[in-house]
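The structures come next, written out as structure tokens.
There are two complexes below, and they share subunit A, which is joined by subunit B in the first and by subunit C in the second.
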Partner chain A sequence: MSFLAKYIGQKVKRTEDPRLIQGIGHYVDDIKLADTLHVVILRSPYAHARINAINTDAAKRVPGVVAVYTGADVAGKVGNVPCAMAHPELKVPAFGVLAQTKVFFVGHPVAAVVAQNKYQARDAADLIDVDYEPLDVVSDGEKAAQPDSPVIHEEFGTNIALVHNAGVGDIDAAFAQADKIVTQRLVHQRLAPISIEPRGVLAQYFPGEHQLNLWSSTQIPHLMRTQVSLMLGMPENRVRVVTPEVGGGFGCKLNVYAEEALLGWIAMQLHKPVKWIEGRRENFQATIHGRGQTGTVQVAVKNDGTLLGLKYDVIADIGAYHQLLTPAIPTLTGLMLSGCYKIPAISMKCTEVFTNKMSTDAYRGAGRPEATYLVERLMDCVARELNMDPVELRRKNFPQPDEFPFTTACGVIYDSGDYEKALSKALTIADYQKLRDEQKAARAAGRVMGIGVSTYVEICAMGPSAAMPAGGWESATIRVEPTGKVTVLTGVSPHGQGEETAFAQIVGDMLGIDMNDVLVVHGDTAVVQYGIGTFGSRGLAVGGAALVCATEKVVKKAKKLAAHLLGADEASLTFEDGKFVGAPDDKSLTIQEVALAAHTAASLPEDFEPGLTATHFFEPKNFTFPSGTHICVVEIDRETGELEIKRYIAVDDCGNQINPLIVAGQVHGGIAQGLAQALFEEVVYDENGQLLTGELMDYAVPKAHQLPRYELDHTVTPTPVNPLGAKGVGEAGTIGSTPAVANAVIDALAPFGVKHVDLPLRPEKLWRMMHN
Partner chain B sequence: MIPTNFEYFAPATIEEALQLLDQHGEDAKLLSGGQSLIPVLKLRLAAPTAIIDIGRIAALKQISVSGDTIRIGANATHADIARHAELKQHCPLLGETAAQIGDQQVRNRGTIGGSLTHADPAADWPAAILALDAEIVARSSQGERVIKATDFFVDVMTSAVQPNEIVTEIRVAKPAQPQAAVYLKVPQAASGFALVGVAAQLTLNNGKCEAASIGVTGLGPKAFRATTLEAALRGQALDDSTVSAAAAKADAETADALEDIHASGDYRRHLARVYAKRAVQAAAARA
Partner chain C sequence: MRLAGGVLPKVCMCGTHILSLHPQRKEEQRVKISLSINGTQHEADIEPRFLLVHLIRDVIGLTGTHIGCETSICGACTVLLDGKPVKSCAVLAVQANGGQVTTIEGLAKDGQLHPMQEAFWECHGLQCGYCTPGMIMAACGLLKETPNPSEEEIRHGLEGNICRCTGYQHIVDAVKYAADKMVA
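Up next, the complex of A and B:
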């Protein structure tokens, strides 16, 4: 279908922003229901302990306290926290919504106090007396995998949850043919996603109707409805999940946590609405973490720089339990170990181990930043070993544009790509050769300057259903109302991605109407048809594709009615700029006029259903593979190790851009988080499993003044996978940036003989590297 | 993140506040900007039953310069001090320090008296207050006493202020060469507090250092005057080698350097030496 692109491709300001900027949006905690009771959760201060006894008498006596529940109350009544990965060898410990006989991590929910207000509930929580018997703590992933390690879940006799092998190609032959084998051990530190709005749940139960309403700050309202209904034994159609404004997710709300079902269950016990809002300390302890891999990479290479093979042997420290996708995330790393290079043989052995920590799961990038970081880091290591320019090494191994679709030795098929184009654009913006000259001069003057390049590709627009645990399609309904206003119901659940705007742009253009006439409704399972949700950079590329198909259906239907009303032949009509034209006598009808006629239904063609609405469930044939080049220039204070980012250049290719302003916003935020992994952020547990970075005073999320100015540009290589030609861009910035920064810093330190430094690259580490 | 129960008082005068303090004794806590106390309460690290909000006592907010003396009311906010024109002229070190504390919201609420009394070993004010050889005035119902900056900081989170006292003002003698001063800070990446902060106030005469007063924060359990370093500069021309050699003693007064996940003690010591050197050089360059 062709249309005038009036909105698509334009930098349209986000229609979501005015309400958010004015503070008049509604998050879970802004929703007030009469007679709401408040829940405070008592959490374990121990990383591993047996619960010998819990005495709640004193807590129950606190004025205003309505109930106190412990593991014994919910045993057999509320199902376990779900894990969506089905694998015959995966060990899945039973994760009750409240701890049963033991606690397994600091922050493990032990009891729930319900009171008339949150102050009473909090006071009462202090009065719960839990008799803990501390047990041996397993806090280090590598040690957890050793046979002599204490075992966390005794029923398994081991801490190894899963050994996952991936990759194809003759890896032994590749290594046998190598001129050189470059080996590097790398740590992908644990990170905390830190959404500004922590999690929160409000539950309301109507006993007469046997209806449970849950408001939750989540990325996946429908999947949550299904899971919570199963946990509570409720018919799924009697559970309604509403996702109001969500203040950031970054993957941490792509989950079903203990609290959602617990709050639902409490509301069903007490017949009163109950609310729980997570505090920041709870958020650090009991919301999933990301990354957490430690492994060794080996690359087999010819002296001329031709890559032959890559091996990755890694331990993923997944924490005490599986959350929804915990064991699946490290397997995503295995899909992207080819980077944007031709590597004939790849093998990964990933050992996922339980430790006495919070679970890891999806955090912006989810498994792919690990792949990109290790591949891009190793490209620099190889270049150094071969005395090649790191850019030339990369270039040499790129698949060429005519080699797409390109099948990698990880078994995935890259949809489209032109890696050279983005690379040369970025090099031009950076003036790479001049930078290298400046670096020479700087070094001669005793200054410590580095240039880092990362050419990345990532896998997103999750994804074909065959590759997803719960379906990878997405849904959209479009309704042209009698007055010509258009309502879109989307199965994705935007929480900062700007789809209310982008989807209105698409519909505005496709229907030739004012985009402000389009209302995008999402995040209410009672209103919107089943959908999968927003994660894995899929909102536009999958959800938007569904909307395009639904809109095409609606236009097709409208055309049939227009032809009937205009007395024209359907084939002679065209739909241009909101009007059906081409009828005899130059008569035409607008889409709004047709919509009214479809509803008044006074004159309809035979077999024509009244109304003007269509639904489409879009199943993508493949993932999409956005790519790009990031270049970072740093200077390090030789005396102190303090670091300054001098320049940051990013040329990203996410295919067609619906709204370049939103794309830039996503890239900005993505780079901020990726750069923060490189420089600042790290979740630290001590050997007793105590969380040392349990608040924002100690966990360094980046502040605006700690970030550089970004020089952004893009190339456009559309994807054939969806009708928009758009790839995802939600995570690309995070994925591309970490290695660019790391490579710059390590390049700066090359004169000191430094080949690698693990993240985060804090000044003290750099100082030690220069002064050892 | 909910405090325990407390009763809230908002006295209008110092006298009334002192009376309340006497009445509630150890169970009371004064509240000024709340930027340190409220987090402490929310985390339930302290559970006072009476909160005495001194934020409405107008007398505690005055800033004045008369004769040789600068007086800053304990409740002057960091932002008040950062933008005060007369202070900029007569003692720019104060504003320069204030401007480096936290973010704008914190500076709009947080006060100098609260910060000093809280005695966070990584707070910024102590370095400047020591470098300026300031005096802190504390009042109780028994009367008033003047505490020298060098006697004020006792240990981690412990100042010389007694539970029955209110800090009323900070007195600073106008420096002879106001411009010969600087506050340099290495912020901890997460909190923005000082991994190390060095405040220097110099008096130069004919290219020689007549007096140097250097306050160091962040390094030890309490901020301190780097007296060994000061002595090494006195009477010297401030050439590179003299300053470097002197600055190498910037940590001499601290036996136990702080250590945490953000920096080792060795690194903090190293930063103190480097930043002491830079501070002396920068202050000298401004003179």
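Up next, the complex of A and C:
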């Protein structure tokens, strides 16, 4: 359908903001129910230990304490923490909501204290006496895979959870034909997602109705309802999950943790509302981490720079247990090893191993930043080996725009793309040749300057259901109410992405109404039809697509009624700017007038259902593949190793944009997180499995003065996969930026003979490289 | 907790520990305090260890002040105490006795947004909104000291506040926008 784009493509200020800037929105901890009891979880201080005994007597005597629960109380009553990946060879250890006979990581939940206030609960937790017998700790992923390593989960006889092979093409032939083989070992360090709002759950049970309400800070309310109902043996339709404001997710709330079902169960025992709000230290210990791959990449290449093949042999250190998507994340790396290049043969062997650490899972990018980092880092290594400009090497291997849809040797089909266009634009903005001249002059003057380029492509808009563990479609319902106000119920669950605004823009334009008349409702399983949620850059590209289809259905229905009311032939009517026109005598009806008539139902066509509402479940036929070029310019202080980002240029192609203001915000935030991986952040466990970066004091999330001003631009290559032509933008910045920064730093250090440095590139490390 | 040999953990055992330093404290220890929050006088009878942020959120019921770390690093709980930004998770309520506290809810007057709130809206200075109240209060404190800050002064002035969503650029733009408006 055609419509006037009054809102779409405009920098519309967000409708979410007024409540948030005034502090009157409601996050989980802001919801106060009368008589709420507070839960504190006692967690293991050991990475691996046997629990010989737990004494809770002293804790139970603390004034205000109502109950203390341990593993024995929940055994057989609350199901295990779920893993969504089904694979016949995958080893899945039973992950109870409270530890049973052993603890397997620092932060493993051991007991839950329930008290009238959180001070009492915390006091009591300190008085629980646990007799631990420490066991051998496996804290290194590579060592865990060795046959002589202690075994964490004895029932499997090995720490290897899964060996995943990916890629197609004749890899041996590719390497046999190579003029050069470039090899590099790479570490993708563990990262902590760090949403500023930690996790939190509020549970309330109504015994008469046998109804459990859970308020949870999650990205997936419906999937959580399904899983929690299974864990508690509750009928799914008697569990309601409400997602109020969510203070950031970045993948760490794309999960079902022990605490949701545990709190639900406690509420059912005590018949009182119970609340648990995660502390930051718990957040570091017991909320999923991201990345955590260590591997060797080999690239086979001709002397002229033609890429022939790529091999990646990697250990993924997944932690002690599977959370929802833990084992699936490294497999996403395997889908994107072709980068934005033509590589005829690709092969990945990924060994996923258990260690005595918190689980890894989806953190912004989820498996794809690893792929982009290794491909882009290797492109620079190859360029150096062949004495080619890294830009020319990339350019030489791009698929051309007329080669799309482009099938890679990873078995995925890139929907659309024009990689050269974004690259040229970024080079022009950066004035690349001039930068290289400046670099020569800087080096001659003894300064340490580097230029890094990353041309990336990512797999987004997750995704076709056949490739997803629990459905990849998304749902939308649109209701034109009798007064003409429009209510949208979306299955996605935004937590900062601004979809209340973007979806209202879409409906405002499609129905030709004021976007302020559109209310977008999400995150309540009792109100909204089943949905999948917000992750994998899918909110707009899949959820928005569902909304477009639902809106088209509503217009189609309204048109039938309008034709009846106007005495016109349906085919002669058109819907323009909110009105059905083209009837005899220039008569017309607005969508609001039709909505009222549809509800009063005084005169309806035959077989016409009253009301004006439509629902659509959109199933994407493919993923989308956003792409772009990032360029970073750095200078390093020779004396201190301190690094300054002189310029950061990002040209992204996320297809059509609904709200460029929101797109810019997503790109900025994404770059900041990717850059944080390159320069600052790392989750560190010691050899005893102790978490050394257990606070924001020790884990270096960047502040405003540590980040540069970003120079953004875009190219627009719409996707044919959905009716919006939008590809998704939530993860682009994170995926594109890490290698751009790393390449810039390593380029700066080239005069010192440095070919590669593992992340994070902190001053001390850089200083050592320069002073050898 | 009894540790059965082995290496002593370097990390605290329990989730968040800052409040549990005195498990043997006497229940009857309570202190009466009086303080002004957003221009309204409040009396409270509290334990000496009670944090200002819990007083604001759980006793007074103003939930716009958020808790992000309870270790004074993230700044989500920033409020103004006697005009100066403080992290209310690291201030005991008794320390605010007799003081004047301004929270995010106290900024808008007569239905008019404060210029800093308006600026954050205008410049897309927030996404999930969780750090936003603390960020806005810190920015207000910054402009009191430095009414017309440079970009560098803004970035350094906000180094006590973490935002995980925006990459800070739109926040910096917002503070500049508000400064220009407030000076004009």
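Rule of thumb we're sticking to: the second predicted complex is superposed on the first by the 772 of 772 C-alpha atoms of A that agree within 3 Å, B and C clash if a C-alpha of one lies under 4 Å from a C-alpha of the other, contacts with A are read in each partner's own complex, and residues count from 1 in each chain.
Definition applied: a contact is a pair of C-beta atoms (placed from the backbone, for glycine too) under 8 Å apart; a residue touches a chain by one contact, two chains touch by 3 or more.
As the structure is a computational prediction, the values presented were derived from the model and not from experiment.
Colleague: Just checking: does A:R122 make contact with subunit B only, subunit C only, both, or neither of them? Give me first, second, both or neither.
Modeller: Both partners, subunit B and subunit C.
Colleague: Decide which partner touches more residues of subunit A, taking subunit B and subunit C as the two options.
Modeller: Looking at subunit A, the partner in contact with more of its residues is C.
Colleague: Under the stated touch criterion, which partner chain does A:W767 make contact with: subunit B (first), subunit C (second), both, or neither?
Modeller: In the superposed model, A:W767 contacts subunit B only, not subunit C.
Colleague: Of the two partner chains, subunit B (first) and subunit C (second), which one does A:A203 touch, if any: first, second, both, or neither?
Modeller: Touch partners of A:A203: none, neither subunit B nor subunit C.
Colleague: Taking the superposition as given, does A:L692 touch the first partner, subunit B, the second, subunit C, both, or neither?
Modeller: Both subunit B and subunit C are touched by A:L692.
Colleague: For A:L20, is the partner it touches subunit B (first), subunit C (second), both, or none of the two (neither)?
Modeller: second
Colleague: Given the touch rule stated above, what does A:A700 touch, subunit B (first), subunit C (second), both, or neither?
Modeller: first
Colleague: For A:F680 in the superposed arrangement: first (subunit B), second (subunit C), both or neither?
Modeller: A:F680 contacts subunit B only, not subunit C.
Colleague: Just checking: does A:A732 make contact with subunit B only, subunit C only, both, or neither of them? Give me first, second, both or neither.
Modeller: It touches nothing on subunit B or subunit C.
Colleague: Per the definitions at the top, what is the overlap between the subunit A residues touching subunit B and those touching subunit C?
Modeller: Shared contact residues on subunit A (touching subunit B in one complex, subunit C in the other): 118-119, 122-123, 126, 279-281, 692, 696-697, 701, 703.
Colleague: Enumerate the contact residues on subunit A facing subunit C in the complex.
Modeller: Residues 13-14, 16-18, 20-27, 29-30, 32, 40-46, 49, 52, 63, 106, 118-119, 122-123, 125-134, 194-198, 245-250, 277-282, 285, 495-498, 661-662, 664-665, 668-673, 686, 688, 690-692, 694-697, 701, 703-705, 707, 709-710, 733 of subunit A touch subunit C in their complex.
Colleague: For subunit C, which residues count as touching subunit A in their complex?
Modeller: By the definition above, subunit C touches subunit A via 1-7, 9-17, 19-20, 23, 27, 47, 49-50, 57, 61-71, 73-74, 76, 103-105, 107-108, 113, 117, 120-122, 124, 126-133, 136, 151-152, 154-156, 158-172.
Colleague: Report the residues of subunit B in contact with subunit A in the complex, numbered from low to high.
Modeller: Residues 1-2, 4-5, 43-44, 103, 186, 189-193, 261-264, 267, 270-271, 274 of subunit B touch subunit A in their complex.
Colleague: Considering the complex alone, what residue numbers of subunit A touch subunit B?
Modeller: By the definition above, subunit A touches subunit B via 118-119, 122-123, 126, 279-281, 639-640, 642, 679-680, 684, 692-693, 696-701, 703, 706, 762-764, 767.
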